[in-house]
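Sharing a structure below in structure tokens format, with a few things to ask.
Note that the chains take the letters A, B, C and D in the order they are written out, and that residue 1 is the start of every chain.
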């Protein structure tokens, strides 16, 4: 499991003093960038001519989160298919240990030249924690 | 069905020249604010002490959308339950008539004083296109 | 003078119920995209291989603006130099006719191939309301 | 001088692959929240019934910053007046040690009850690095 902490700032909040719905998607994306860096690094992706593309997101907003709270984003692979995969991302309030939001992020990896999804095998499958084909 | 048009601007785009994932959630929210205004108006909600609260969103990113494109957000009630409801929102590229993204937005209406969901009946049910209880 | 209206939505607001500081820069940018479209159109800029680049912004936050307010962004050229220019942008609350914020936006036009500023003469000078050289 | 590091992520970028203009204002604000926390903490401000209010910002965009770069925001008090002050904030690319952007942020401190600026003396003046009155 990959973890990444983001502290809630004033500009993250809506008029109720809670983190705004759209902002959570940025938090999840920030954690995914860190995950990619922590593994092979962004250069590897660039050299391979590959890009990570989000196909769909299901996000549940479970509890509000306010100013100054540290949110830990916990990411783990939920399902690793042949050409698409689902990353599970939970946002946990570190002060209360409660889940604030959770999301299933379905993604594909595309070849930047063709724009088409590639098979998730070999080094790519390994990068996502699966066995190499 | 409620419709609302947003033109894609430079600051909506990511480095691939496509509308950013998180930004679509702002587009959907903008359309929902317009929908609430077009119906009873925001004052009605305020006077009733009620607030619209998103519980979960499932969004599918189907095609990229680039600079200058007019996106029409088409919103219609998909399911109207006793205490929660699902609004269907499609984002259509008006130049090509293709669906760029679609989303199911599950929401509740909360009483601002208690913070708890209220029953979707009476004027509230009518506001969402259902028959008054 | 070019005018453009933006209605304040919930996701524009901070926890005090006022439009967030950073968001005003998006409002100003949205008005500038509309201004460029209303003049020669974005295709013209693309065909010429030119891009609009902001060098500096001075923005004064004069009054708060809340939910549902219509803000009119009024843009006019303040100074048109040889290689840089200053666009004046005022944000006016249409309900009260008060200035909510005003900004001086200094920009250059760069050649996309070289990345360097070009002289603001000929068709470009005309586009910004000056006499063609 | 207060320092704070932000790594540039994909969703910070515009279609040229550079950090978006409006996003810099969020970076500056994030550093200011950290500065307030590092000093008396947010609770102190809340207990005193005081709030930090930005009156104007002058920002110069000097160089582009791209994906994966670590930006250090360096904040120091530039001018400490009787009722307003100017914080200088520089954004430095840590890989090249070049200034990417710099800003002068003029602010006041308001009493949350009255909404009016208070004198920057006593503990408040000390908090901003000045001598207590």
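The rule we apply is simple: a contact is a pair of C-beta atoms (placed from the backbone, for glycine too) under 8 Å apart; a residue touches a chain by one contact, two chains touch by 3 or more.
Because the structure is predicted, anything quoted here is derived from the model rather than measured.
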| item | value |
| --- | --- |
| Same vs different contact residues, chain B with chain C, by half of numbers used | same |
| Chain whose mean Cα position lies farthest from chain C | A |
| More contacts between chains, A-D or A-B | A-B |
| Distance from the mean Cα position of chain D to that of chain B, given in whole angstrom | 34 |
| Whole-Å gap separating chain A and chain D, where each centre is the average of the chain's CA atoms | 28 |
| Chain centre separation (chain A, chain B; CA means) in Å | 23 |
| Multi-partner residues of chain B (each touching 2 or more other chains) | 10-11, 16, 21-22, 26, 29, 67 |
| Touching residues on chain A, where the partner in the complex is chain D | 9-11, 26, 29-30, 33, 37, 42, 67-68 |
| Residues of chain C defined as touching chain A within the complex | 10-11, 13-17, 20-22, 67 |
| Chain A partner contacts - residues on chain B that touch it in the complex | 16, 21-23, 25-26, 29, 51, 54-61 |
